[in-house]
Amino acid sequence: MEAVFTVNNLWILVATVLVFVMHLGFAMLEAGFVQRKNVVNILFKNAMIISIGLLTYYLVGFQLMYPSDDGLIANILGYFAPFDWSNGIVDNYAAAAEAGSAYTGYSEFIFQGMFAATCATIVSGAVAERIKLVPFLVFATLFVAFIYPIIGMWGWGGGWLADLKFKDFAGSSLVHAAGGFAALAAVLLLGPRRGKYRSDGGTTAMPGHSMPLAAMGVFLLWFGWFGFNGGSVLSADPNAVSLVFVTTSLAAAAGAIGAFVMSYMLFKTYDLSMVLNGILGGLVGITAAADVVSGNAAILIGFIAGLIIPLSIVAFDKYLKIDDPVGATSVHGVCGVWGTLAVGIFGQGDFSFGTQLLGTLAVGAFAFTSSLAIMGIIKVLVGIRVSESEEIKGLDVGEHDMHAYSLKEDGVFQLTVE
Amino acid sequence: MEAVFTVNNLWILVATVLVFVMHLGFAMLEAGFVQRKNVVNILFKNAMIISIGLLTYYLVGFQLMYPSDDGLIANILGYFAPFDWSNGIVDNYAAAAEAGSAYTGYSEFIFQGMFAATCATIVSGAVAERIKLVPFLVFATLFVAFIYPIIGMWGWGGGWLADLKFKDFAGSSLVHAAGGFAALAAVLLLGPRRGKYRSDGGTTAMPGHSMPLAAMGVFLLWFGWFGFNGGSVLSADPNAVSLVFVTTSLAAAAGAIGAFVMSYMLFKTYDLSMVLNGILGGLVGITAAADVVSGNAAILIGFIAGLIIPLSIVAFDKYLKIDDPVGATSVHGVCGVWGTLAVGIFGQGDFSFGTQLLGTLAVGAFAFTSSLAIMGIIKVLVGIRVSESEEIKGLDVGEHDMHAYSLKEDGVFQLTVE
Amino acid sequence: MEAVFTVNNLWILVATVLVFVMHLGFAMLEAGFVQRKNVVNILFKNAMIISIGLLTYYLVGFQLMYPSDDGLIANILGYFAPFDWSNGIVDNYAAAAEAGSAYTGYSEFIFQGMFAATCATIVSGAVAERIKLVPFLVFATLFVAFIYPIIGMWGWGGGWLADLKFKDFAGSSLVHAAGGFAALAAVLLLGPRRGKYRSDGGTTAMPGHSMPLAAMGVFLLWFGWFGFNGGSVLSADPNAVSLVFVTTSLAAAAGAIGAFVMSYMLFKTYDLSMVLNGILGGLVGITAAADVVSGNAAILIGFIAGLIIPLSIVAFDKYLKIDDPVGATSVHGVCGVWGTLAVGIFGQGDFSFGTQLLGTLAVGAFAFTSSLAIMGIIKVLVGIRVSESEEIKGLDVGEHDMHAYSLKEDGVFQLTVE
Amino acid sequence: MKKIEAIIRLSRFEAIREALAEIDVRFFTLSEVKGFGLQRGETLTYRGSVYDADYIARLQLDILCPNDKVKAIVDIIISAGRTGNVGDGKITVIDVDQVVRIRNGEADESAL
Amino acid sequence: MKKIEAIIRLSRFEAIREALAEIDVRFFTLSEVKGFGLQRGETLTYRGSVYDADYIARLQLDILCPNDKVKAIVDIIISAGRTGNVGDGKITVIDVDQVVRIRNGEADESAL
Amino acid sequence: MKKIEAIIRLSRFEAIREALAEIDVRFFTLSEVKGFGLQRGETLTYRGSVYDADYIARLQLDILCPNDKVKAIVDIIISAGRTGNVGDGKITVIDVDQVVRIRNGEADESAL
């Protein structure tokens, strides 16, 4: 039994490493999708978010999400304390395994910590190219400290959604829709990038500066998702983990096809950025149901997510005039909701569409309103948007006194934009 | 025994994740080796191939490659059906382990699926910068649906090569030479890039647009190869997997040295692109023999593969006038053959050089002729090559209406080539 | 027990793969931090170092580091021989596990080999943009063949530091400070880049050419560090490995915060390159103590390392006028020393600050003087620095006849600098 | 015929282009240049070393036109290109001997 | 002396260069410019927003030459640079007061 | 007024800029160009194919100035830009009809 415990624990740790890579994936995806003048800024935010996220989750988030007692208040709001170091260790592996435990407390913390930081990262792409650095970091800290853990506790920490048998395997709602709706709130408060919506009613295309970075980001996210979904089995159980690998991969693949088809129908071209987002949509879509559907259902879930992506992106971008440079609201928000509902449609087991709908709406509404509140307060206090002149010259020079791609060679000269 | 089953299965899954990363490796390598105007196109193809590959293998390829009965027809051609979902699960881990099984059916499918997609990717680099998108995707689909599984079945699915005791551990022939010879067929039908061979008999250098991307791709491929070869042990057996890690790494390293030496002798310069291809040559070379050679032999196999690389690339490029922008025919085709033969020379065990030769020729010939047939039919029906004007302006604008590196900042302006 | 052995061995192999990725991380980090005209050169060096490093370690280094007898001479200098292939195999897994063994000889070799190559890579960044290629490769070979193994043997191969109970868990001193001090020696012999220190006493900023590559490198290094530290547990022991994951991550995160704070205080801007180096500083800092400190102590160790980074980089760069383009001396040298000392301050167990100080000084002094000697001899014999005109036009054209980012499209034209 | 060379701000380009189109000047050649003048570049920092990016990205607009259109074009660029801040740029007018259209060899005014 | 400025297609550059070499014109300066004229740029799409890349990449060839070589050079560029499609570009000839070779201070014709 | 166009080496730029500043010429426009002349580019190799990079990166410095400053500027550029090796570049002086400052419409000498 010691061996069983060890292999289960090892998988959680390997999965942790894979989820960590998702932060690189997000960093590259977002860097690729922003303009050249804002690249340092987005990289800076990504490097800080994983760091702040882990520390905050250690100091506050973890205990809030997995409250150790279950009194009334704790059940709703959890409580506030750092991760209890003495809970990390398992005394007797064989006994623990016998008792159904699959990993140490340290493993649990670090695996969950990577998730928490992921959720904050989702917001950073949507608000790119115009948000002030420090206010954003404050928001991210509060988000990981309170909003994410409270939502997580509802579904995974023994809260009311868990009691209702709401099913969200690895977090279509609890992570992705939460991040997506928080992003939506932030974008609404922030407004579109300067020049995005013209006075003639048209929408200006603002192409990302590097498709190789964006593509790399998506491949790395898929790579990391094997840990995100596979690790959410919370053991190395062969059937469960391998099933999740298959459903996750098939959904991602089908997401690419769905986006390929729909974007061709809409735009009459083969749009790489849509196919990349389609893969992510498929991954987000399968995340809630990855362990309770067949391969065929996984393909369908992913394919539909892929179809949704171009429609949703265009709807936000052109019709609702909500400016989200990386499509986080569509990928994580809309596909997160779809994935949660898909459990109610395709899930093999005792799942209720109504509960799924209720759960995802509750999560979305809470993430949205609480983010709106926090971001709104920050906006009132110190402002959240860079000045117009800083936006024109770019946040790299404005916030970081730096270019992403230096033009200086041997002291010859250095270019400034405007 | 449950623990043994679990750890074996876990390794296959981790190896799956590593083989997945090879797709990112290929995408970056190929993107780095093409011209700036064709980067979106190559990324698009890579994103689609992994997606189409997995789905096709699920729907057709897997059952064809591992036919469940072994009647006469099945033994030659396999049969046509989607992956049988109910075969995914293992009922009793301990019993399965006792019976020698090391992983679930899901694990087998997803690990093999990643291989299948890899094989199709090999072709994409060789035909880069001039093939039409949709015809290529159709070819890739048919390749993963039929050609690859039939070849795979011969050697790994109980087919005639298996009966002859042909040894190809992880696919020097069955994956790499198959891909390399398919690439050769495609390139022959397609012709060289415009301007590559001048009327004065000279060869125009068409440098890849980004060496950092190419180098990243090679490191990622080496990274993934630990799963490709290590996972092909098909269990986590400590001696076997660790032996394979050592031989694989030493051969890759020796491949770099071989290419370093030979390219310096030929060109009197330190050619990064050759050293990168040398690493890949070493990896392809060791793939057939990775579990049956010593460290010294692995070094020799890799070193010779490294020596072969510059010779073969120059032979194809300058003398045979076969235009392969990434060197796939040399890396996968020629080194694949070399690796297969090396089993007959260095392999510790009962291996016959003649059988190895027969096997690799059969695989190469079948991959070549069947690819020639499929691609030829597509060529006749709809054409496989973009128009000259599209080739001049680049496939990114031609097929995707997009630039890889946008020149547009804030709506100021956007550059078109010609 | 067979299962326990298998899972332990599997973790060492997975950790090997992760440490391998650190080479990609270094390659990208260093490529990002050099000027555009020296990118091919740095990539070439990184591709060669891992290759040369593994082969050299196989041929010489491993036996020197882990001498099989322990006579007087062996205890000090080890002895010279290739890795003994027959030692790779374990006959009976269950028996071996019972006897406390956790992995095969092959696993040990390949895991250690990746470490050895890492140590040589540290030097390559510091000497970038002006060192001659072949002399550097000769140095790297000798470094991996002799200097690193001798130092490693002292601490990990039963040498005198081990006898003194010097504690260096995964190599803050034995790997990182060794590399950092070797880098310092090389930089002193080599001198600063042309134009770096002006006649007016000022320091010229020479910005790296690509922040996305640099950021990617740091994320990949953090990724690989899970294997570097986690694998140094030398088994998959759940408590130990998961504890190490937590301390490693928290220190890296705190390093980012420390560098954020200190660089803002010093420069009044949010310097991405400092935050990236801060993460690395935190990782190097925790490496000696990762298995013997609590989360709080890990945060403190990382945070202090992060504070040190900007101070140390500025001290070297501006005041000592030691020109190290990537900050290897600060990240690996200074933080390596700090990490070793931190064991004496925060380590839970019987550690002596004095021994830690003695050990890190001995390691630093030996790495420094022996590197100075080797590099000095090479300098006298063949020279180590490229010519001034080569430095101006860049090493890519000078040593490799190649551009990192080709400007040639379809044979239209090709640009040379000067 | 004259060649008008205008050094302008990137951010005024769209406005100038639209204004020129209104007086039917739709053909020109653009290049990216670096300007050094009264307006100074940003102060940048790299690993603690502060340096000035003395140069400012500008666009140079080259317009070939008949003599009688020069005044109109110059006036349009001044009004559409002005922000009033230091750094708005300069317009230069140079005399041209000859203009030929490569496509058909048409020369001078008919080549414009 | 004159300065000839030719705005040409990227794809005709090699041909023009070879043709010029035949009449012994081997020295010139090139710059990358963006042309706006009758020929329009590609239509691009990004995440569903269609936009025109109004500008077309062109090369500008600057050749300094004595007055008597102008006609030959212009003719060569016209014949080697022509595709016959809209967008072949323009050649401008401008009078130059003075040319100096930095290396040795040689002036005018001997500086060419 | 004149427009001085100097094609110079990248590596001489700083020296020229400082020398110009000493005679109070602090405003100019730079562009990156590719030079083709007596000095030849590097020989490059890609996957075994050797090719010449015929072109050499150069900077073009455009300086607008009153007639009486031309000689001083040309002399300064010659002395600060010279290495004595083939490839130091050329200075061209062109007559300018008119210069206008976009910011305030000031014309000619007062616009400089």
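Worth a mention:
For reference, chains read A, B, C, D, E and F in written order, and residue numbers begin at 1 within each chain.
Following the convention adopted for this analysis, a contact is a pair of C-beta atoms (placed from the backbone, for glycine too) under 8 Å apart; a residue touches a chain by one contact, two chains touch by 3 or more.
Fair warning: this is a prediction, and the values are worked out from it, not measured in the lab.
Shared contact partners of chain B and chain D, listed by label: A, C, E, F. Hopping across touching chains, the smallest step count from chain A to chain C is 1. Over half of the residue-numbered contact pairs of C-F are shared by just one pair in B-F, A-D or C-D, which is A-D. Note on chain placement: the centre of chain A and the centre of chain F lie 51 Å apart, centres being C-alpha means.
Centre-to-centre spacing of chain B and chain C amounts to 32 Å, using the average Cα coordinate of each chain.
With centres taken as mean Cα positions, chain F sits 18 Å from chain D.
Residue numbers of chain F whose C-beta contacts span two or more other chains: 10-11, 30-31, 34, 44-46, 51, 55, 94-95.
Counting partner chains per residue, chain A has residues 3-4, 6-7, 10, 14, 204-208, 210, 267, 269, 271, 273, 392, 401-403, 406, 408-411, 413, 417 touching two or more of them.
The touching residues of chain C, when paired with chain F in their complex, are 392-393, 397, 401-403, 406, 408, 413-418.
Residues 9-11, 34, 41-46, 51-57 of chain F are the ones touching chain C in the complex.
Chain F meets chain B in the complex at residues 44-51.
Residues 2, 6-8, 31-38, 55, 58, 60, 70, 74, 77-78, 81-95 of chain F touch chain E in their complex. Every residue of chain C that touches chain D in the complex is listed here, in rising order: 203-208, 263, 266-267, 269, 271, 273-274, 310, 313-314, 317-318, 327.
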